[in-house]
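Before anything else, here's the structure in question.
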Amino acid sequence: MSGLGGLSVRFRQSGFSVKIPSFLGPSLPYLLFAGAIALVGLWVENFYYLQVLTFIGINTLVALGLNMLMGYAGQISLGHAAFFGIGAYSTAILTVHYGFSPWIGLAGAISIAGLVALVVGLPTLKLSGYYLGMGTLGFGMIVHILFREWTSMTGGASGFVGIPPLSVGNYTFYSPTAYFSLVWGTVLIGVIICRRIIDSRIGRALRSVHDSEAAARAMGIDTHMLKLQVFVLSALFASVAGFLYAHFVTFISPGTFDFLTSVRMVTMVVIGGMASIWGALLGAALLTLLPDWLHTFSEFEMVVYGLILMVVMILLPQGLTRGILDLWEKSKGEDIDIKGESDGDSFR
Amino acid sequence: MAILSVESLSKSFGGVQALQDVTFCVETGHICGLIGPNGAGKTTLFNLITGFYAPDSGAVHYRGRTLQGLPSHRIVGLGITRTFQNVELFSSMSVLGNVMVGRHVRTRCGFFRAILKTRGARAEEAETRNAALELIRFAGLKGDPEAPAADLPFGWQRLLEIARALASEPSLLLLDEPAAGLNAVETAALGDLITKIRDRGVTVLLVEHDMSLTMRVSDRVVVLDQGRLLAQGAPREIQSDPEVMAAYLGRPKEAGNA
Amino acid sequence: MEFLQYLFSGITSGAIYAVIAVGFSMLYSATDLINFAHGEFVMLGALCLVTMKAIGMPLPIAFLNAVLIVGLIGLIFERLAIRPVKRPQPIVLVIITVGASIFFRGMAMILWGKDTYSVPPFSDHPPIIISGAALLPQSLWILFIVLAVVACLYLFYQKTLTGKAMQACAISKKAAWLMGIPAKWMVSLSFLLSAAMGAVAGVIIAPITMCSYDMGTMLGLKGFCAAMLGGLGSLWGALLGGFLLGILEAMGVGFFSSSIKDAIAFLLLLFILYVRPGGIIGAVQAKRF
């Protein structure tokens, strides 16, 4: 629907509009985004900063997928750390225990996470609201316990060491810059995938389920199937992120994939602003950086972290991006923002 | 020929018998009015036809095939679409977006084709958009189709819901009290729209409390009372039917007591 | 006999899960809120008791003080963190209560450090031997206190005007408000009672576990499982769910392996959600408190 005869960026208040050549229009944000990644990759040489930026990218991938599930389809998941973990452990086990190439590991991560999401989602997504939250929470806990207790495969509570780095042919992604580019390139692809789904028939159907499930069914949408599909999609995003995480840090342990991680992922989506792609990015960035900033509080770290979560949610329940980044969404010619105000029951 | 036949349909909720042994037919190409006092079971009947509830007994046949056990989304695919008594729009979407969702069962683009943005997907999207714009005009909605649906005045929200339902290309359209909350002018326009819908070849089953509207547009009227079929026939017959008068106004003797 | 031994330990932990589940469930029925910080109230109750005992208070006074303090914390928590939320969407409340649980845990870490504490049992009788299985006196204390607390709660709901008003609020806040029931005060009261319930669980569990700032999370989550198992919002459901979970967990650990201990609660949770989302009691009769 965009790109027909040029993109018109409309500014709501001023009524001011800019015409951008149609061949550039739809892809402009992505070109800018790719440019920004390239610039940062070339410019930043500090190992620590690159590492943090890479973590932000990995978390953004998870948040993008979860945003499709929560922001667009309106279904909560309190167990997404499990899919992140399945991605990480699958590739770890396949590469270390069975000696496969990491790319087989990726295929394994994706297919196992997808399959698990399908099997778990089938009964779970019949639930709604808190019950769905509890169901996904239970699933997440079980997977976490599995990582911890299946010692022969996962290394148990002490963790899994020696995951090989990624390589293509003779080239190995050793340098932080290379890995940064790989992760953010994946994020860019993720953003494009999400954007295309949102702007399609499927995206409309997702939002219709969020707005009124009864009306969505009355329009012939198989809501259960659709929820299941988007649940699997979000699990795939999380598992790819887990794959990238495992080969980046080369050491994983169950603590990374616990209930609090699931909540942190949900928080990324909500704080960034639901149903906004750039919000997922912002939320992921903030929640990745927050623990670092909080180190200055030393023993008050947890207290401050808890306080920030509470205060932000009390004051800004619709997240931070509304307003600023809506402009880009608006430029796509359709009103994307989900009305956070009116749907108090969106998760019930 | 009957497009829809309802055969001895019954449904109870707990102890309340919402529908009891209701049988009637809707002729192809007709506007069939379905009237009855509050609690007569009209909305329950809608929910049974569209697969939102399962009947306790009885069956619904559509074009000779049973709808039993079909989930509601399949029933829409077969060509039966409904609207809601309390307008149920997709409030986060634009007017156009709402109607485009209505095209869901007539379009096929899935996750993969959306991600790959294939030529077919793009063509389908453009087609969906054009069909939706045409229906917005047909329903008499003016103004910016990109405006948020929630911002429309109430009367237009009703029209939008009808346009959205039409987008699924139904053969049978079920309207649940479309005139509720409309003023006289809007109701008259709605009557014209319903007639125009029939002239497009869509059979209409109309639940409505507004008697003058029902009697004006309906080819045939079915009357429910307390879950039972009370009468059916041409509007003129129904208007003079003593049973119907009694159901609405009370019997002359009882009226004195009440 | 092994079975009997497992049963005793199951009933003991079951009683604790039950009282956690009751606190969590009563709050849900009054406010439609799932409080992810509930487990931290258990932890606070236990650590408060540790401190009270350390400064030389007699046990009953320490018990009461701990419960009162935690109840007050619950009250303040509602005032400061829940009431200001203008549109209480579940997702927002989930994040707020999880934030609160991190906050409470952080506070406890500052106040009590990362050490673990232990408290002597309520009475120093020797274990009672019943056909080869040892029953700790503390288990009897736990069972007795839990049953007493639940009985009090039941009487409160059934016999007092305030209790009935709370039930009315749980059914319909608006209707209760129209009848002149101060719904806001009822919400505060349910937070107070719920937090106090959590503290009771903490106090009675203190002598049989290691008390530390991070003991609450898992207990809280298992309490949720118990409440769901029995039927969310039902008093008897919470009790039943708690005991069932405790016993099944003890049997699972005893007859299979201790590594699956924590998984049992969540497997049961998923099972009940799939088979009977209303819980064991909830599906039979959706009776609230």
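Observations, loosely collected:
Chains: A, B and C, in written order; residue numbering restarts at 1 for each.
Going forward, contacts are C-beta pairs under 8 Å (C-beta built on N, C-alpha and C of every residue); 3 or more make two chains touch, one makes a residue touch a chain.
Here the structure is a predicted model, which means the values were calculated and not measured.
Here the chain at the heart of the structure, going by C-alpha means, is A. The greatest centre-to-centre gap from subunit A, using C-alpha centroids, is found for B.
Chain centres here are Cα means. That of subunit A falls 40 Å from that of subunit B. Chain geometry summary: the mean Cα position of subunit A and that of subunit C are 34 Å apart. With each centre defined as the average position of its C-alpha atoms, the distance from subunit B to subunit C rounds to 50 Å. Touching two or more other chains at once are residues 343 of subunit A.
Within subunit C, contacts with two or more other chains are made by no residue at all.
Considering their complex, residues 70, 76, 78, 123-124, 127, 129-131, 133-135, 137-139, 141-142, 145-146, 149, 259-260, 263, 266-267, 270, 299-310, 313-314, 317, 340-341, 343-344, 346-348 of subunit A touch subunit C. Interface residues of subunit B facing subunit A in the complex, by the touch rule stated above, are 50, 52, 71-77, 81-84, 88-94, 97, 100-105, 107, 109-111, 113-115, 117, 121, 124-126, 128-129, 146, 148, 150, 164-165, 168. Of all residues in subunit C, those touching subunit A in their complex are 34, 81, 84-92, 94-96, 98-107, 109-110, 217, 221, 224-225, 228, 232, 259-260, 262-263, 266-267, 269-270, 273-274, 277.
Looking at the complex, you find that subunit A touches subunit B at residues 1, 4, 193, 196-197, 199-205, 207-208, 210-212, 214-223, 229, 233, 275, 333-335, 337-339, 342-343.
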